[in-house]
Amino acid sequence: MARFGIVVFPGTWSDRDSYNAVHDQLGQDARYIWHKEHDLQGVDCVILPGGFSYGDHLRCGAVAALSPVMAEVVEFAARGGLVIGICNGFQVLCEAHLLPGALMRNRTMEFRCQPATLRVENPDTAFTRGTGRGTLLRVPVSHGEGNYFADAETLRGLEGSGRVVFRYVDATGDATAESNPNGSLNNIAGILNQSGNVLGMMPHPERASEHLLGSADGLVIFRSIVDSAARVLAG
Amino acid sequence: MARFHADVHIELKPLVNDPAGLVIRDALRHIGFEGVAGVRAGKYLSLELQAHDRVDAEARVAEMCRKLLANPVIEDFRFEVRETAPAESIPA
Amino acid sequence: MTAAVDPALLREVALTEPEYDQLVELMGREPTHVELGIFGAMWSEHCGYKTSKPLLKLFDSQGPRVLQGPGENAGAIDIGDGWAVVFKIESHNHPSAIEPHAGAATGVGGILRDIFTMGAFPIATLDSLRFGPLSEPRNRFLFGGVVGGIGDYGNCFGVPTVGGEIYFEDCYTENPLVNAMAVGLIRIEKLTSSRAEGPGNLVMLVGADTGRDGIHGATFASVELDAASESRRPAVQVGNPFLEKLLMEACLELIDQELVVAMQDLGAAGLTSSAVECAHKGEVGIELDVAHVSRREQGMSAYEIMLSESQERMLIVVEPGKKPGVDRIFTKYDLHADVIGRITESGRLTIREGGSIEADIPVTLLVDAVPFRHPVARAPEDRLELANRVVSPPDLPLDESFLRLLGSPNIGSRRGVFRTFDHQVQNNTVVPPGGDAALLRVKGTRRGIAVCTDGNGRYCYLDPRAGAAIAVAEAARNIVATGATPAAVTDCLNFGNPEKPEVFWELKESVVGMAQACRELELPVVSGNVSLYNDTSGVSIYPSPVVGMVGVIEEIDRRLTAAFKQEGDVILLVGETFDDLGGSEFMKVCAGVVSGRPPRLDLEIERRSHDAVLRAAAAGVLQSCHDLSDGGLAVAVAESCLLGGLGARCDAIDLTAGAAVALFSESQSRFLVSARGTEAEAFEAICADLGVPVRRIGRTGGGAIGLGRDVETSLENARVAFEGALA
Amino acid sequence: MARFHADVHIELKPLVNDPAGLVIRDALRHIGFEGVAGVRAGKYLSLELQAHDRVDAEARVAEMCRKLLANPVIEDFRFEVRETAPAESIPA
């Protein structure tokens, strides 16, 4: 059993959905960590969930990145702890410089809540070990600012080192312009940090956690984390 | 036609609630800038446009503000226009 | 200070001279300026329901599921397993006409507050919208602004926007309707009231600071507007969903830890209305000192503070001993909570500013002494004449009519709108927007709830009583089409100026029709809202009652959806088709005519058709189910096809009354279902048993939609028309 | 302490694509302002703050920009500070 710490900033709302996925669906230990806390309670994995932390004012994730708990998350990540940032959590990770680049307004300037298909570009990560290269996952997006941007050199670095983990594709697996919901460079939906223990993704795997809700494809990501945590313990 | 650059500032009217300004003010105080008494958040647009002359450019920008850029019910706008390339350099 | 009986001042607080005289007589003296403002607010149509109250008594609000009827911030029903669903609909029409984005956003914020004031966690919102035609730039601006505002508020707050409706008619051009409905979930025993109790208990104001938002502006009425007064004019309210979310979390923690006696949000007429409501319900007095109210601006008067409509504020009544616990929670969320007064035994609303008393009024005068208005109701001759005018169907090829209907802004796809709304957050959305009612599961149970809104202004214009009854029936049909049983109603009465005899007639007729339909379908009305004076330049909107409905499904695995599921299923039409083209979308779009009688409605037949579908759903014999409404059978078939990505061939449609009637009539009490061959028989048996007419009209499959002899369209052409309707 | 007002401008770096600017440009052209060649959308914040003197005020605002107001990955900032109430008028 893995222990997940779900960070709650003012304005976070997918904390409860993340709990629903990892605790109710996968039976893992999960606890909420209020942003003012300094104790990560010995968790194996930190989830920075979706939402509108601080109302998304100024820049999405900018104010949350300065919260007390983020100092602990930075340290946790430096020690190799697993961190997954979903949607607003991805934005927080970029603002906290745990991941490169930035998430800009969607190309259409509109919020988009819709199904998306993700292609797994790298199955050899702590977050995707339960998948294979090219596996397609049905995971919805729900954001207004998910348009991934990085300068050319950063982008080359990400692409060249297998750190682009998920890409938006169409139903047949092609990364087309129409399948890109927000205008992200190279259809990027999720990226990894250099040491491979911090993942940021705009789509919501915690929403794709039950067939009743339309898809359970997101669970493989949390299962992979559980598996990775067990391997760390096994040494 | 000549080319102009316009700097447009759009601000909430003084009495209108400004949730963004409040969040920024509180965040600045939280990270140690206690002396921040207030923050108002606005927009700043820079436009490149063609116009016959400065008077024409200003009239156009004012109209853009009224029609699209600003929301006159809750926002005020102001702008400055400067010429970046004179008429003779640009084919009509 | 005594206010002069200045007609301009009275106009500003919307009181007539006789009403003012009545006020003076009841008070036994002239009111102070602040008192006049308070009376004006509490005796207004908005707070006092002075025109509509006698009519609202016609609604039945009793029923075995009802936990809370009208009278609290929202109604509540028992859905089983210890859970209550709390819901209400509310209008924000006038603010949205001035500033659509902020107006619609604060409308959503206001109705969400009503839900969590009851202690419930908001689990869904819906919105019922009306605009003028999109060909007018102003209407397009209003439409874009309203949709943007709803999305911005709901998305940020973290509540899914799961449904609603949008109609376009000329009459809404300067007067859009924005009705927002919110639905919350709560354990029954946690339901909270706004009844203030216990003299000596503290009154606290929590949430946002108070600014000069949306005040009547009475103070400025008598002065010439100059540059200085312009800047002091009441400001348009801009909502803060982020703050509202924090306020909700904090308030629900208060209730969870049993720290509050009563809770009441601040809405129309701000602090005035909240304080009066709490005190009146508890039959106590309340004393406030406005000096303790945190402000956003300097120099605010007691009058402004009492009437400010700043959003995201809540009034709570707390026992003094529990104040530390309350403070701890608000500190956690970085919200400030001001003690602004206490509950008294006096039965009076007493307002101080430091040492000076600004108002002192018996609470009952503000609530029970509201001077009712009894306008004249008179049916307009020209309307009756219009309803009797029968126009024959246009001479347009039927396949062309079909595509025109699919592309009509009133019928076409709303995907471009609802994909800008988060409709999934909270992980409960089982049937998303795009079908009939939305269906949400209730975690930890096998149950679900279905929610929808409905209203058809055109029908109501032609016959308000029939149109309003149809709104109820149609909402119920939408609920039934998901497999859920309709349980209760909330309503929003959007009308023009009731001082016009024809408008008051429309209002009265609508309420009668709605009340009757609710009674016969056994649907208690547990909450609602009234919005009158929807007029621009003397022209009133169509009478536009809107019904919000909640239904319950015991086994969510038995749900139905509108999409055809696989090739070769039998398509059946439930119910009878009459020549009901009066007021139809077909006649509007293809003939440019709004006339005739709206469809006839037999509530007994309606009920039986519901029973048939629900019995079949429980037995698991249906593959899909969709209700028939605007655009009739043709549109229903197309929608089931497009949702399922499957064609259909319907060769066995009864064409005896003419193809236009068969395809486009909007006869009531009908459903379109599909079933596997063997199960179709079981369904027919159920219908036969209940005496519900049913007819096999075709089969699913292929890449085209074929209807009778006259319509044959590729699925792709249908999709292009449907998806482009709002472009 | 004296009181200062700061006007802060935050703009996207020239190489960063600007979805908001593009949409506004297209919308302006759509409603008839064909001569609009380009739009960049930025932020404009006005701050009220206390500081010892102008140099101190400028140092504070620069730090606020670096720490929170601007994101160095995509944005540049600039600001101007002016005194609104001198030190002697405000109790320390």
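Chains here go by letter, A, B, C and D, matching the order in which they are written, and residues are numbered from 1 within each.
Rule of thumb we're sticking to: contacts are C-beta pairs under 8 Å (C-beta built on N, C-alpha and C of every residue); 3 or more make two chains touch, one makes a residue touch a chain.
Keep in mind it's a predicted model, so treat the numbers as computed, not measured.
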Could you quickly compare A-C and A-D and let me know which has more C-beta contacts? A-C
What is the distance, in whole Å, between the centres of chain A and chain C, each centre taken as the mean of its C-alpha atoms? 36
Using Cα averages as centroids, what's the distance between chain B and chain D in whole Å? 11
CA centroid of chain A to CA centroid of chain D, Å: 31
Where the centres are mean C-alpha positions, what is the separation of chain C from chain D, in Å? 41
Tell me, which residues of chain B touch at least two other chains? 19, 23-24, 27, 31, 41
Of all residues in chain C, the ones touching two or more other chains: 240, 242-243, 334
Quick check on chain A: which residues sit in contact with 2+ other chains? 54-55, 57-58, 63, 66
If we use the touch criterion from the header, which chain pairs count as touching? A-B, A-C, A-D, B-C, B-D
Contact set on chain A toward chain B in their complex: 54-55, 57-58, 63, 66
Of chain D, residues touching chain A in the complex: 15-20, 23, 43, 67-69, 71, 73-74
The answer for chain A against chain C in the complex is residues 10-11, 13-14, 16-17, 20-21, 24, 34, 36, 50-52, 54-57, 110-114, 140, 142, 144, 204, 206-207, 209-210, 212-214
In the complex with chain A, residue positions of chain B that touch it: 19-20, 23-24, 27, 30-31, 41
In their shared complex, at which residues does chain D touch chain B? 1, 3, 9-11, 21, 24, 27-28, 31, 33, 35-51, 60, 63-64, 67-69
